[in-house]
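Okay, got some structures for you below.
Below, subunit A partners subunit B and then partners subunit C, in two separate complexes.
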Partner chain A sequence: MVAVLFSVSVLVYVVFILVPGGDPAERMAGKNPLPANIVNIRKKWGFDKPFYVQYVKMMQKAGNGLIGKTGEYDILTSFQTRQNVVHEIKRGIPVTMSLCIGAGIIWLFFGILVGFFSAVTAGRWSDRLITTFALIGVSMPVAWLAVMLRYFLAEKPTNPIFPDGEYVPLTADPVQWAYHLLLPWFCLSVLFIGFYGRVLRSNMLDAMNEEYVRTAKAKGLSGKSILLRHVLRNSLIPIVTLFGLDFAAVLGGGAILTETVFDLKGVGWYAAQSVGDLDLPPIMGVTLYGAFFIVVFSAVVDFLYAFLDPRIRPT
Partner chain B sequence: MAERLLEVKGLKVRFTTEDGIVRAVDGVSFELDRGSVFGIVGESGSGKSVTAMTILGLTRDKNTTFEGEVIYKGQNLLALPESHLRDVRGNEIAMIFQDPMTSLNPVYKVGDQIIEAITTHEDVSKSGAKRRAVELLRQVGIPNANTRVDDYPHQFSGGMRQRAMIAMALSCNPDILIADEPTTALDVTIQAQILELIDRLKDDFDSAVILITHDLGVVADVADEVVVMYAGRVVERAAKRDVFYDPQHPYTWGLLGSIPRLDRPKPEKLHSIKGMPPSLINLPKGCKFRPRCPHAFEKCEEEPGLDQRVEERGHLDRCWLSVEEKRRIRERTIVGEAVA
Partner chain C sequence: MAEPATDFTLDSAALLAAEEHEVPIVGRSPTYLAWRRLRRNYFALFSLVVFFLIVVCCALAPVYARHVAHTGPNEIHATEHVSVSGKETQVVSAGSYIDPKTNEFVVRGVTVLGPTWWHAGGRFVLGADNLGRDVAVRLLYGGRNSLEIGIGSALICSFIAIVLALLAGFFRGWPDWIITRFFDLIWAFPVLLLAIAIGSALQVNGFHHFGINIEPGSNWIPLLVISYVLIPYIGRPLRGQILSLREKEFIEAAVGQGARPLRIMFSDLLPNVASTALVFFTLIIANNILTEAGLSYLGAGVQPPNPSWGNMIASGQDQIHTAPWLAILPGVAIVLTVLSMNIFGDGLRDALDPRAKVRVEH
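Moving on, here comes the complex of A and B:
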């Protein structure tokens, strides 16, 4: 895990150095700066040091921020806003968590439902209908969908069906919390529902042709228990892997588009802002935060996988 | 006379496919008595597995049509609604399949899969079912059955899995056990053990066995009566002894000739039946074996019925050749040209 995080941070750093117009001193000095000013900033922020020194310092600062140190020069602060990066990310976490956990539950539930239903009715009109919707869902750009939803359902001047943007903390008012998040949840889930539905459908159709399903039938099991106990159970295993990684990705700030369009000031939104500003410390912070979730969830998926599939359990 | 368990009368199974109608089974009849082992022999695509699966309704599909009757305990299984047929499946007629590697669900414990079979048909507690699963595993010769019951299929060897399948099939004490190529996927040494096991358990459980195989050697071990199937129909039917010592159909000769034998002079080349089995969509006119038969003559353009042509009662075949002619020419196919 340390190795992964280290490589990710180095990569981000290198990319940042290579990006044209990335010199933070010039950007911080503002428009039409005095050359002396730039030099000053370079010195003060340590941009004149060799890049590896800067890198080590940055990592130290990030670490300090995590263990709760304060003080302007001890912690990782944004070049642009001078704000504590760790602090900013922490502030975004409840929003992102609310968005992702809600959406995750929705897409997992509906993805399985849709996949199950279309596999069971494979070839009939209901399956075709679901397939069509799934394909639309998969191919619809999230940004476009989000903008459309927001425009038509939330931004109407008269009687909008949904509130426009704004995050209401769960602790403050659970009903408003859910109400405000409904559209973003839907938006984030649509693609995954379509995708999971398709994957599960084909998994289940494969499983139905397995010989153990024929065995189950020959045992005299009812159609329902064959489907649930033998077909669905075995088909869900790959879905778990997909879900673990997708969920980690959105949790780690991957819901950039949804968060940005709906003005949800979560980690993804923060990432979008920082990238726009070419602001290295927050980009670094958000990337490491995201990588952390990916690594953790990969491990979780591995454990879950072993739990679900006895064949890969160590004996 | 033993109790008649099953009667298959003029069974026809047709699959409608994009390429046409596949006549997978075309008029098969036989009877099964308690305590007997009935062998169905034929090559791939001869309809033997479809026949067996149809008995249990496993071939039911909107693209499948059936004709004829499968009478079990006075009711026609072909016409039985699915919900009633479920009570028969696994309970009164059980089935084991060719490949034990894939016939068990990899994510459930072997014991749980046996328990599932028991609790589906009987109102027993889980612990009671488990005790029975252990006992069954012991009966089929799994060592340390009380701990192996909690193993997963991948922890079993191929032979053990087939034993577990047999245990599962016998869990509800069925009248009939259908074994569809039960030894094909196993090592030769294990094959004999499994066959012996099936034969012994048939007596222990007082049931009858339908043994499906492409290997006459397997039938030679355990079957009482044999039908040889070709292109969806029975071409010869006889007691086991007669199939081996007085075979009437050239296809049977071909099958016999293609088994390597240690008790006969070594042939120059092991016999093989020329050509390919016919397409079940476009069957040849007349005798279905005619295009591959080295002894075909004009009369074969008309299909022979399955009739008794030899003295032995119940020995039926579909071949126009005279019995004398057959007895004269068959040795060449069966034994082959001996090495000079």
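Moving on, here comes the complex of A and C:
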């Protein structure tokens, strides 16, 4: 896992410093740099030294940022807002956490429900209806869905059913917090519910054709018991893997589009702002942050997978 | 021709059956059977036709622009007048004006010409945007860009993923280790985040290494970025399947016969994963179009003023109160395209393997 984190940081370095053409110091300095800034950046980041020195210096800066030492060019500073990148990411974490944990619970629950119901009534009209809706859900660009929902449900009507974006902290008012997050939760979940529903449906249909199910039925287990205790349990294993990775992805700033449209100033939103300004240090920071989450969660998921499926042992 | 019972052998059984049914019994290849199953799935075929229609319409965008709308995707007509059903209206109305009858200053927001639905003789069929550009023309040209990037990146991505999966699955050992680490490295990032990171990093100055010169603002940047970021999406499941195929006896037999690795990879392994790869290819076209839309929405994909369905949604979002169609229409286009490709992909998967064990790993 450490090796992956290390290679992730190397990749980030390669992508941001080595690969793009032109002078990295000029790029770091943002949109309208002063010549003194550029020289300063070049010295502090070591762009005039060989690439391994540059990499070490970059990691030093990220590390300094985490610990919180100050100094204008010593820490991973965004050159557009002159803020410490790590500090900004920390500010966005509560919002992103609220959005993602809530949405995660919703999409896991409904995804499994939808998939289960669809597999149990396979071939009939209810299955076809659910599958069609799932396909439509998977085909929608999240940004567009968010814009449409926000416009039609929260901005246009004179008595909107839902509030128009903005985030109310949990500590301030829990009811408003949940109320404001309903639309974003729905938006973020739609794609995943469709996807998980289809995956669970196909897994369950495959499991229902397995021999052990036939044996269980021959032994006299009731249909419902078979479904719940054997088929569902075994079909849930790949879902756990998927959920772990997807959850880590959105937690690490993957819900960029939803956060941007609904004005929820989380980690993803911060990344989107920096893209607009072509401001590289925050993008680097958020990318590292997201990768960290995914690496940690895949290790957890691998471990869990071995626990759930006795045929697989941790290596 | 009646054959006596003693002449019945296994070899003549087929001939006898053919005589009884008066149609020769012919063995059918799996490909033919799959094609026949697909042919009967009218829904999937209909979706494929829809997808092709969309592609053709977008490819014919210059024709539409020149002959029907008489304008280009980036031409600004903000101050022009257009006759809609005989009435002269401004494309982009100034907004506030002085009422000639009462001499009062009437304050009104800027209004943009809505969809004319062919009343203006082919111009501004779907309305105009805030800069006075024809939305229908931009939609078609934007479709061109989005589809170009989506399908192009799907092709490149699939090709690289198939090659890498074959190498990893066949050779196992250290090539497998390197390639798996490579997949893990890319897959360790949230997809969209990595895509916008690389996309924006490259947009600043372009890519000028190894003799390849890509200017910032070129369509190649989102194309290459999306194909790079989604290599593991196809590569990992394919590698898993090839690894399990590798253990089968017919591969062992081929190796024992002295077949060279290249031959085994392309004549034995590849045809067996072809159906999985084909299904993934259709699904990844859909996925890529969505990713490109997200990328362009955020500004790291196709750069304005070049249209793309994604950045049209972004710019339409600002006008959503006065001109909602600007944000609604590109999204509808995306949904139709992606949905048709998804439905066809599902139908293809059902046709190729009715009891499909094709898993789309994420």
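As a convention for this text, the second predicted complex is superposed on the first by the 268 of 315 C-alpha atoms of A that agree within 3 Å, B and C clash if a C-alpha of one lies under 4 Å from a C-alpha of the other, contacts with A are read in each partner's own complex, and residues count from 1 in each chain.
One rule holds in what follows: contacts are C-beta pairs under 8 Å (C-beta built on N, C-alpha and C of every residue); 3 or more make two chains touch, one makes a residue touch a chain.
All values derive from a computational prediction rather than experimental measurement.
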- Query: Now for A:310: first (subunit B), second (subunit C), both, or neither, which partner does it touch?
  - Reply: first
- Of the partners subunit B and subunit C, which touch A:245 in the superposed model: first, second, both, neither? second
- Message: Contacts for A:138 in the overlay, against subunit B (first) and subunit C (second): which applies, first, second, both or neither?
- Response: second
- Between subunit B (first) and subunit C (second), which, if any, makes contact with A:148: first, second, both or neither? second
- Message: Between subunit B and subunit C, whom does A:215 touch in the aligned arrangement: first, second, both, or neither?
- Response: first
- Item | Comparison of subunit B and subunit C by subunit A residues contacted | C
- Message: So subunit A touches subunit B in one structure and subunit C in the other; where do those two contact lists coincide?
- Response: none
- Query: Any idea which subunit A residues touch subunit B in the complex?
  - Reply: 210-212, 214-223, 225, 229-230, 233-234, 237, 308-311, 315
- subunit B to subunit A touching residues, read off their complex: 56, 58, 82, 86-91, 94-95, 97, 99, 102-107, 109, 116-117, 120-121, 152, 154-155, 165, 168
- Sites on subunit C touched by subunit A in the complex: 181, 184-185, 187-194, 196-198, 200-209, 286, 290, 293-294, 297-300, 310, 313-314, 317, 320-321, 324, 327-328, 330-331, 334-335, 338-339, 342-343, 346, 355-357, 359-362
- Query: Can you name the residues of subunit A that touch subunit C in the complex?
  - Reply: 4, 7-8, 11-12, 15-16, 19-22, 27, 135-136, 138-145, 147-148, 151, 155-156, 195, 199, 202-203, 206, 209, 238, 242, 245-246, 249-250, 252-254, 256-257, 260-261, 268, 271-272, 275-276, 278, 280, 283-284, 286-287, 290-291, 294-295, 298
